[in-house]
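Some structures to go through are shown next.
Each of the next two complexes has chain A plus one more chain, namely chain B in the first and chain C in the second.
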Partner chain A sequence: MKRLLRILLPLVLCLNVSGCGMKDIDKRFYVVTTGVDLTDNPEKPYRISLRLAITSAQVESGSSRTEIETIDAPSIAEGVRHLKSHVDKELEFGHCRIFVLGKSLLRTASPETMSFFSRRRDIQMISVFAVGEPDALSVLKVSPKSERYPGNALFLSFGNEGTESPYTITTYLFDLVRKAYERGIDPILPVIKAEGRTYVIDQAVVLNKKGTGLLLTPKETQLYKMTTSRSAKAEVVLPLDEQARVVLTVSQLRTKIGIDRGTVPTVRMKVRVSGILEESPPGLLERDWHGLERRMEESLSGQIEDLLIKIRNSGTDPYGFGLKYLSQYFGKEKDYKYWQSVYPEVKFKVESDIHIKGPGVIR
Partner chain B sequence: MYRYFYYHVFYIGMMNVMLFVPHILIKHRFDGAVSGILAGIVIGTVLTVGTVYCYRQFPELGLPEILKRYFPDWIVAALLYLSCLLWLAGGVLGSYTFAQTMGLFFNPDMNHYQFLLLIIVSSVFAGSRSTRTIQFANEILFWLCMPLLLFILFKAFSSPYLSWDAIRIVAGYVAGPPSLTLLAASTFFYTGYLNLTLFNRLYPAKFRIKRLWSIPLLGAFLGFVSFFIPIGLHGTMGVEQYIYLWSVTADSMSLKYGFIQRILFIFLIMFTLLSLMFMMNVFHACMEYIKASHPRHKPQPEQLPVPKTNWIVCSFFGAACFLFSLWANEGRSQWATELWLIVRFLFELGSFVLIIVLALLEKRRSSPSSRSTTSSASSGQ
Partner chain C sequence: MIEQVRSRFGDAKDLVSEVMDNGYARLELCFFPAMCDVDQIKDAILVPFSYRFDPDEFRRMLKTGLTFLKSDEPKKWPELLLKGCVLLQYEDKVYSFLAIRKMQKAPGDTEVEASLQGPQSAFTEDLDMNMNLVRLRYNSPNLNAELMEKGEISRTRIMILFDREKVDRTSLDELRKRLESIKPQLIQASGQLAMYIGNARFSMFPITLQTERPDRVAQLLQRGKIAVLVDGSRFAITLPVRFFDFMHAMDDDYEPFWMGRIIILFRYLGMVLSMTLPALYIAACSYNPEFFRVQLAFSIDGSRAAVPYPSFVEVFIMLFMIEALIEASIRLPRFVGSTAATVGGLILGQAAQQAGLVSSIMIIVTSVVAISNFVIPNSSFSYSIRALKYVFVLVATFYGMVGIIVTLFLIVVYLCHLRSFGQPYLAVNMQKDQQKREQSR
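Then we have the complex of A and B:
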């Protein structure tokens, strides 16, 4: 009797460990991309679109098949719940790593309406958020030929898993949420444009706390990415007079930001770049190595300063200068108020230090 | 052999995450949490080192046996029931939060009583073993947890998204005086030393716990990590909105080349082990207290086979966990945990004073020369 009990008890407990909650993977629909747009209908302001993976055993380029479901709803959660009646399998967000927000949504949405994403436990805090242009649905409708399994093209575009584009900014959910609440820093989101059968992700939009934001051009996006991350895959360009251009591919990069106190604070940014020339008129480097470096430095500093002033004038702060200011001087509430009042007049001083290692393989 | 002492300090220090300690600290991050952690280092170290020195007077004796030397049986029984109740409450709260967290992140469709059942059955089984077995089980579980913990810490510190600016800003709010709740929360990192009340039975006369200087370091490390890393990853303002703060923090780190992408799952596995460790020790300690409250009880740290009483007593504890989860919801369990932390802190202070008095008495009793000075001092009054 006792031995029987000893065997039976663990077996009974094993009933608790029943795997996928009694629902196997062939009875689940994996959402790979979620898009949220704003509609004109005030009763049902959100248009939720889900890109669902049609699972198959084949893994080869072009074999990915997906299905898109769309619904208008008064809130995101209600929309997702309602969408369940449109499909035959249970929706599973555990693999949804890309969330596309429509451009229209940014103008009105507050962080509170977005709480759906951070509230749900199966949405990863490390999923990527982006802005869809012209809207989220058209981004979802793109099906790249190179996709090996559903949704994988967008997964690879972000981070540095696949392509390491200097134009692509990656914003994770936890990063977006913290910047939406944080004092002295504003969120920045990449913009995905749908172009034919592929995505173009070379722009970014900086949001302020109210939602409206500043769209950066591809060049500015690259500068922003260069100066905020240590991502080395960037370039520095110096246009010359005679139609030629000198292009330096960056192999090492480091940015330091410090803020000087004063009646008007000055932001000092030091950018140290070293790399190899990738394109240049022949012999240019040999003639005047240091001169070329200095000219490139000047041009880069100018570009960065223009970007910083543009960002400052728009009233946003994606670099987190405010946060930096507070942290550097252990600032409290009062200091933040002061910073906010002087931010529109903040001065920038950009110093760049370019070190050309060589002209590449040829002279 | 002193390493067994540190295993206890370690797992209780880690359990803070399951008992809302980071949540409480972060709620007050701008008014006293940092100074609370700093004060906690001092208080925790004094309590730990003091208690360790006091127990040196009582080789191979647990708290029940020490109390029996000085107090009548009914006071001993009352004190033991009290401390049993206190620790059982900790175990009950831990089990509830564990079941909730698992239910939320592993499978929300599953009834959370099932998770509770799983951990309760395993803790009843583990807790009812002999003291020596528990001691060894601690070591095994510790070494299972350690690589996971180190990995998570490595990922946290190497994350490019960890904002040191946010950490510095919060560290700047060091001036505010800590409240009682904050002191209670921040001394929890050191509570592991209380295992001596029971496991001192296993330590022979010549035994010394070495490297006591590591106590403030370990406690401060655990305290700063569980307070500052969530702030670094969620910002100074955004951090307060999360209830299961550390689960979300672990989820904010990614594993690019692993089998799984979310560090959350590694974190949950580690906390399954730690919760089991905590529950096992709590159940075992409470069971031993109850058994020792009987006047003629003789402690048997290596008893084999396990007597039926162990099973019965532990099953009652398991039932208590179930009863609590019937009443509790997230808000209530947070409130209860906060209250428990404060009561625990006051109880610790009380028991510290008690053990100092008892240790001094023991010292005088054992050395005859000092006994004469005592009598002369008392006659002089």
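Then we have the complex of A and C:
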């Protein structure tokens, strides 16, 4: 009897540690996309919208059904708590991988208000953050025709799971949190535009620590993605005269960044690109292979330098030059202050090395 | 003699007792015709005694014949008769003649441990035949055989076999001690004996391995293990064994190396799946739905929408159904067996899902559990796994994913603690350890 008690007692005590309560999968309402916008009402500044999945056993193309719930609240946590009374099942963020922040929100919100996302246990750190244009709610309202699972179209758009677009930048929550608090590096968020029944994700916003940011054009977004990730699915374009264009598809890409110390630091960036020509006027490559490479190198270096200067002038630092500087030169508080003071005058030296492998497949 | 025997057996009607007189001499004869081979009695006793009678030769035959033994003690007579001997009294001396009727004349076919390319012969229910099968495969003078009788009523003959040079002495002593200490009434199957000598009757895992394959016994003997053959049972008990021996099928040694390894890997995978899958289903469904990919989560969500009960009730319903089905197909006569499978598998599975009693994913889980349980080569081990599954289900119901991980850990701890006749059950580097010990000796 005593022995039985000795076994049973720990088991009964263990009932307290079972963590999240038992709630069956069909008693949970899956949030697939969360949107946060700013309202005009100063008492309830946040408009929280949740896109909820309505699941069914049969799966067909275009059969995805969702429901959108919206509420205005003084804070995000309160809003989500209040929204629970609008639905019949327990809200579950475990599969919510896309968080859309309204464009208006970026101007005012500080990282502290956003900490809700990183603090909640059921929001996964690999969820993707993006900026919604014109606002988050209208992005949520889009329901693409090809979508099989609720919310799946956006899941596939980011990362390398579905499309691998050179224009789409993916920012995960863990990365965003890190960049929001780390000095010398600034977060960058992709912009989702709602266009009819589809999404267009080809731009990005660079934020500084206060929230205001710099909107990059699609062209610049691609350049940024090329130079930061090793994403090979990109292209280098050299416009020739008479409307002809030379397009190089990148198959290998490598970027090196170094910072020279001096009264004014110089950022050196080396980009090595190799690939094949996808489009070019006939006979061009055979006439002057190396000349073409050189011309493309010059054009690419110019484009990248322009981008870097544009970013520098806006006072943001998505590449993390500041962090790189600090790490290279044992940065203390004083060094960072110095870096901040000279950053607006930092010089850039971009060298690119393009290697054309050939004109593509011969048939 | 006849009166003495008759009175001991209470005038049993199936006892034949005869006094024969051929004109020259008298012969008293008694035996159980049901237990004796009558042809042998005729050839060995009746023919020489009747029409080829020669007193000198007959006496010589009784004295020198291999099968004739002098038995003067009246106390032993009933025992001899019950074993299938013929008792004969000639010139005031009592002899016993062994004429046991043998049912088995040929080795059996493997039924439980079938093999594709290995030997197809299996042990029979006759100890002598089994000895023949083992000796044939383990043709070495080192093979020791010790005969014993166990069971107050059944008096079952038991043969302990081991290789004198390779055997682990401590295990052998342990086995002898345990065999001496037990006092069973009836021993009808080797499994029964295994349970008596197993010491831990409530152990979750079998600590002796039962096999019907002579080739496996030979292999284990060669590895220094002990085999116990029980008369009247198709299975030999081998000990001491390790966890890994149960997952080993004889085919692994007969197939090409890599094929065998891959199949062993699948077998372990099957074991783990069959043990944990229902529990994982509960844990993932009720506690950690973010565990799945989103597509799977949504389709489980969709298919579970019609199910009225929580996931653990669903699991219990399906597991009960599959266990009942397995049990029914073992116990039913072979002709009805296939009907049970058809009714159970096709109709219940499909109908239960359409009726909204269980989700379609649960049907897959159940069938994976059932099929992968059959992958385990040893039946008593697969019983253990079948039982452990419920421990996991219970734990998952209350503690979710954390509970499953902790239970898995506890089972490993338990396996480490378990000993099979003095040898560790979960010894991974057994061979290396033994080599080291021998070197240091």
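As a working rule, the second predicted complex is superposed on the first by the 341 of 363 C-alpha atoms of A that agree within 3 Å, B and C clash if a C-alpha of one lies under 4 Å from a C-alpha of the other, contacts with A are read in each partner's own complex, and residues count from 1 in each chain.
Note that in this section a residue touches a chain if its C-beta (ideal position, glycine included) is under 8 Å from a C-beta of that chain, and two chains touch if they have at least 3 such contacts.
Remember, predicted model here, so these are calculated numbers, not experimental data.
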Partner chain in contact with A:S229 - chain B first, chain C second, else both or neither: first
Which superposed partner A:F155 touches (first chain B, second chain C, both, neither): second
Touching partner for A:M125 - first (chain B), second (chain C), both, neither: first
Chain B versus chain C as contact partner of A:I25, first or second or both or neither: second
Touched partner set for A:T263, first chain B, second chain C, both or neither: neither
Which superposed partner A:V177 touches (first chain B, second chain C, both, neither): first
First, second, both or neither for A:G320, with chain B first and chain C second: first
Footprint overlap on chain A, where chain B in one structure and chain C in the other make contact: 17, 20, 23, 122, 124
Residue numbers on chain B that touch chain A, as the complex places them: 104-105, 107-110, 114-115, 117-118, 121, 160-161, 163-166, 168-169, 171-173, 233-239, 241, 248, 251-254, 256, 261-262, 264
Touch list for chain A against partner chain B, complex: 9, 13, 16-17, 20-21, 23, 118, 121-122, 124-126, 159, 161, 172, 174-175, 177-183, 185, 229-230, 320, 323-324, 326-328, 330-332
Chain A to chain C touching residues, read off their complex: 14-15, 17-20, 22-26, 28, 30, 32, 53, 55-59, 92, 94-95, 97, 122, 124, 149-152, 155
Interface residues, chain C side, partner chain A - complex: 284-290, 294-295, 297-305, 307, 310-311, 360, 397-400, 402-403
